[in-house]
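Please read through the structure below; I'll follow up with questions.
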Amino acid sequence: MSSLSRLGRALPAVIAIAGLVLGWEAYATLSGISPTALPPPSRVLMQAFEHRAVLWANTLPTLQATLFGFAASLTAAFVFSVLIDFSLTLRRALLPVFIISQTLPMIAIAPLVVLWFGFGLGPKIGLVALVTFFPMLVALLQGYRSTEPELEELLSSMGASRWRVFLTARLPTSLPYFFAGLRVSITYAVVAAIFSEYAGAARGLGIYMLNAKNNFRPDLVLAAVLVSASLTLLLFGLTVLIERRALPWTRLGERR
Amino acid sequence: MSSLSRLGRALPAVIAIAGLVLGWEAYATLSGISPTALPPPSRVLMQAFEHRAVLWANTLPTLQATLFGFAASLTAAFVFSVLIDFSLTLRRALLPVFIISQTLPMIAIAPLVVLWFGFGLGPKIGLVALVTFFPMLVALLQGYRSTEPELEELLSSMGASRWRVFLTARLPTSLPYFFAGLRVSITYAVVAAIFSEYAGAARGLGIYMLNAKNNFRPDLVLAAVLVSASLTLLLFGLTVLIERRALPWTRLGERR
Amino acid sequence: EEVTVALDWTPNTNHIGLYVAEALGLYEKAGLDVTILPYSDTASGTLVANGIAQFGVLSAVGFFTQKAAGADLVATYGVVQTETGRVVFLADREEIQSPKDLDGLVYGGFGSAWEEALISTIIKADGGEGSFETVTLGTSAYDALANRAVDFTLEVYTWEGVKAERDGPAQRAFRYADFGVPDQHTTFIGATGAWLEANPETATAFISATRAGYAHAVENPDEAADILVAASDGFLTDRDFVRASLEELITGNYLKGVDGAIGTIDAGKINAIGSFFFDAKMLRDGNGTPLADKPDFSAWYSNAYLGE
Amino acid sequence: MTPRLAISGLTRRFGDLAVLDGVTLDVAPGTFVSLLGPSGSGKSTILKLLTGALTPDAGTIAFDGRPLLEAGRPFAFMPQRDALMPWRTIIDNVAVGLEIAGLSRKAARQQVAPFFEPFGLSGFERHFPAQLSGGMRQRAALMRTIVQDKPMLLLDEPFGALDALTRVGMQRWLETMWGRHAWTALLITHDVREAVLLSDRIYVLSARPARIVHQIDIDLPRPRAVGPDVAAIEARLLDHLLTQHRD
Amino acid sequence: MTPRLAISGLTRRFGDLAVLDGVTLDVAPGTFVSLLGPSGSGKSTILKLLTGALTPDAGTIAFDGRPLLEAGRPFAFMPQRDALMPWRTIIDNVAVGLEIAGLSRKAARQQVAPFFEPFGLSGFERHFPAQLSGGMRQRAALMRTIVQDKPMLLLDEPFGALDALTRVGMQRWLETMWGRHAWTALLITHDVREAVLLSDRIYVLSARPARIVHQIDIDLPRPRAVGPDVAAIEARLLDHLLTQHRD
């Protein structure tokens, strides 16, 4: 019953996605367009399966850059959010710098970063962190700010230190905001890792796409896109699951 | 007095940014690093000034793609947000599709889009729209959802139609959320335009950066980065101004 | 008649004929309205095969790879009459004395499968193993070499090579021909067979005007250098370098062969390099499997549009 | 005389939670009727069933003798929380009902402007809700209800956020207006004295699932003041309320 | 006898807004003192000055004869809105003050558990605040205040969200506990009867800028019930309040 209704809820999405894929298939096979311009999805799938070993070998470094980069970004977002939350001067000094850092076109920065730091994992982690850092920082700061002042006053009246108030009130308040930011960030993380590989790497989905493209194999490009999109969806789903676990009280519904 | 205190508030940011720029200048000139690896900011500025005519000629197409793409994205975000708000089936069908669209690495998609649609403005507008659409859509939907149910019930009790309730309650409620999404989107818009030019364009800041890089002119690459970052900051500032104008009630402070 | 040409790289002396023809009004005289598309992340061969551009400046590398994979490309003009490609590395790398010393080093590449095969062939011809690590860099390859982020890469001698000789860093190089690779036209101008068949007059008008542009550049290198610098939007600031590169292209008989040929594609060279690629199993079809039968290379190019 | 509003056997559950269990009550035209009952008993739910925000599981609602659905939307409703729109000025908030009824914004503003004086809000027409105190907001919400000039008022805790001073003032004002306009009103409150001072009839609801457990008709003269008569009824009501089982 | 709390000449402005204008009041040990005053007059502001959330512009506060700053944090404070943390279960919300005082979470839980029964909340220990009704939340907030076992209670409208029934129940409970524990308490309310039923002394504040305009000592026997004595004091207070100028 519940699983049936869950199926019912997923039905429109399934129909929409199936419709898109079938339309693409029909157009690609019937319109006479060259498969080097637009390969049909069936071919993409078959090629993805056929090249699964190479694809997998190229997925690992990307996944690595994604996860390490994301972990770095998470840590940095947390540390800076705390610093900025505790010091107004730091807030005023750092926030504009971070906003400016978001306006730099990664495509121009990435090659320079690679030149300075080489092709190792390091610069890739850095680039992933640069891209995914900001949405989480903003979410955390907004979360801290939305703490009820009454609650903070109450805790101080009980003798709580500033750090204690932060841990007891501000941090938990920020969690729902944080997870919203996390969902945005994680969507960008894989894309950013692929991106950083474009600027120079020995292996990875980005390099695989680049080579496939240069060797006239859009089907393999799309196969790699399929892998990266699945990876992103997987990570996305994971954060949703973690959020459910971590924030049991948000699912009670808003009834006062 | 007020302008003095405003200056005081900007001071930490000015110090931080000046510190970064001076540190870079010092490192670039004193460490003996080759200016082809890291040109000092003074040189970047001077070169930007010297090449201002060409830079400007290349900024125009980028600006055009940005603005048209953003306008398209705005329209699409609004139209789809309304559709999704009015129909649960559409919501279930479209949202997963949109989420998946966000997982596609633009770097792999952009060249394909160029192959399908050519070098014109069209595909660039499309790519900018693709990148900037989602944050605004999500913001609008979240905004609609946060409308007070009491308010909607009140309006219905007055005889308001569903559309009327939307216009009178849901849409205005969503505005602050919308502007938050807008600020994120606009930050990505210029970067997305530059990006789409990398995949193929006759002119534009992206092409300029590519050319500059290939001619061993990192100073000109950074000059173009400077232009694009300024553009983004300008657009960002513009949205902040518009928000202030459009939402006078949000600046009253929360005193009940 | 509108014609679009896609470049294979940012403007350089390989493209000199196009810019000279444009600046002298040769295209206009032939009734053509030519747009030169700048280099971008999408390969010129891909743009031509998909009809975004009618003509493209094609590296032999890309041309042979894409043609074998099923792209409808035909070479209609040989930009250089003899190989301009080299394997390069920094001069102070004492340990690199011959190609076999490249084993185990890092190569900064351009992303086509062809390169690895070429380099490992050269190394093997020198008695090495032919195993090295590839880092795909594209346009960043030369920055990376100069900054020692990679150990070696491929260059176009008449452009990057000349620049390095003038401005440093000092480089040394291996020529392909010294290690068993047949001589070739490193760079072509080409179009799709379908388009050529449908527009033979336009094709002839464009290729012959372009050829006249190259011929003019060979005769008037000073003027040609000025034209290229002027057309480069301020990126080519070192006019003397451009001139020196042109000088090398002329005196080295790259643009105008020892036999006086300009733009003509040599049947023997196509066949030799084609067979070489085929034997090395570098020619792969759309599924990535090496071609089983040697293709008829005479259908891969045409001198029919060069004009009189 | 047909009652203006006749509710009969009204029943409603939320999932497992039985909230209303056959509520029956009448409101005669021109009378003021109050509903008293414990928190969470279902008072607001009754109003939501009247305004159409919810549909009943069972029971009938008749307005002037006809089923409610045929009567159009005869109620001017004041929700428990003020539901002022933060993005509209006070005057535009007050006028929103008239706009929805079809008036132009200008005409609607003109029509509501004279009410600001008696509600003690003149000078605040162009303020935003966030610039008003809780009590002022509640007065604006009451004004928004009254200007709609509908056949019947539904008021859900209209004075909940007011201090004793303002509250008594508003009660007095409402009583005066009521005498003048012969409004029909259904008032929800948890303030026993308020109910006694204002009502012609008081219904007392039981705890969930709610049924009407008492009905008290009051025909003291108006305006009423606190005195032995009022105190006696108050004491009786409190007694009723306190002897109920705790939730 | 030194008063437990002695406030003298307390003054505070917010920008242009003069809120407190020399408020002076005493609370003797073991007594229950109420503050009555119009909405927005500055009652909550006084409590914020006591808890240290705000600092006064002028005036002194002495606790047991010593300046407040030297007295540590002697107050258990119940804010006007319940300020329960939605992410903590009720028992952990109630225990937070003890945790901050240094107890382990387990010890704190053990210490507060016995209070759930008299507060009518047993069985809800592991619920989250969103699962409770408004009245239950307010009881939890009161429990959180009382378990801290501080020398003095500061209660800001502790019964505002409660219906008449629960409200009277809680008032009675508080009165009993007060009798038993000899607490010292300062209560803010806008319910005149509540003040009369609970207090040894009532201070009445003027509208903004607030000064103390009346002081009424009540020595009726406890437990008190509504009767002529209570009604008389109530009437007197209402009279004071209603003759003030409106805001």
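The chains carry the letters A, B, C, D and E, assigned in the order they are written, with residues numbered from 1 in each.
Note that in this section a residue touches a chain if its C-beta (ideal position, glycine included) is under 8 Å from a C-beta of that chain, and two chains touch if they have at least 3 such contacts.
Here the structure is a predicted model, which is why all the values come from computation and not from measurement.
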Contacts common to chain B and chain D (chain labels): none
Third chains touching both chain D and chain A: B, E
Top-ranked pair of chains - ranking by C-beta pairs in contact: A-B
Centroid distance [mean C-alpha coordinates] between chain E and chain A, Å: 48
Approximate Å spacing (C-alpha centroids) for the pair chain D, chain E: 30
Geometric centre distance via CA averages, chain D-chain C, whole Å: 85
Cα-centroid distance, chain A relative to chain B, in whole angstrom: 18
For chain B, residues contacting two or more additional chains: 37, 111, 115, 198, 213, 218
Chain C, residues touching no fewer than two other chains: 42, 46, 50, 139-140, 143, 147
Shared interface positions of chain E, touching two or more other chains: 133-134
All chain pairs that touch each other: A-B, A-C, A-E, B-C, B-D, D-E
Interface residues, chain E side, partner chain D - complex: 36-40, 120, 133-135, 161-166, 168-169, 190-192, 226, 231, 234-235, 238, 241-242, 244, 246-247
Complex interface listing, chain B residues touching chain D: 148, 150-151, 153-160, 164, 168-169, 172, 175, 247-250, 252-256
Sites on chain B touched by chain A in the complex: 9-13, 15-17, 20, 37-38, 89-90, 92-97, 99-100, 102-109, 111-112, 115-116, 135, 184, 187, 190-191, 194-195, 198, 206, 209, 213, 218, 221-222, 224-225, 228-229, 232-233, 236
Chain D residues touching chain B - in the complex, by the definition given at the top: 48, 51-53, 72-73, 75, 77, 79-81, 83, 85-88, 96-97, 100-101, 128-131, 133-134, 137, 148
Complex contacts: residues of chain C adjacent to chain A: 42-43, 45-46, 49-50, 62, 65-66, 69-71, 106, 108, 110-113, 133-140, 143-144, 147, 149, 284, 286, 288
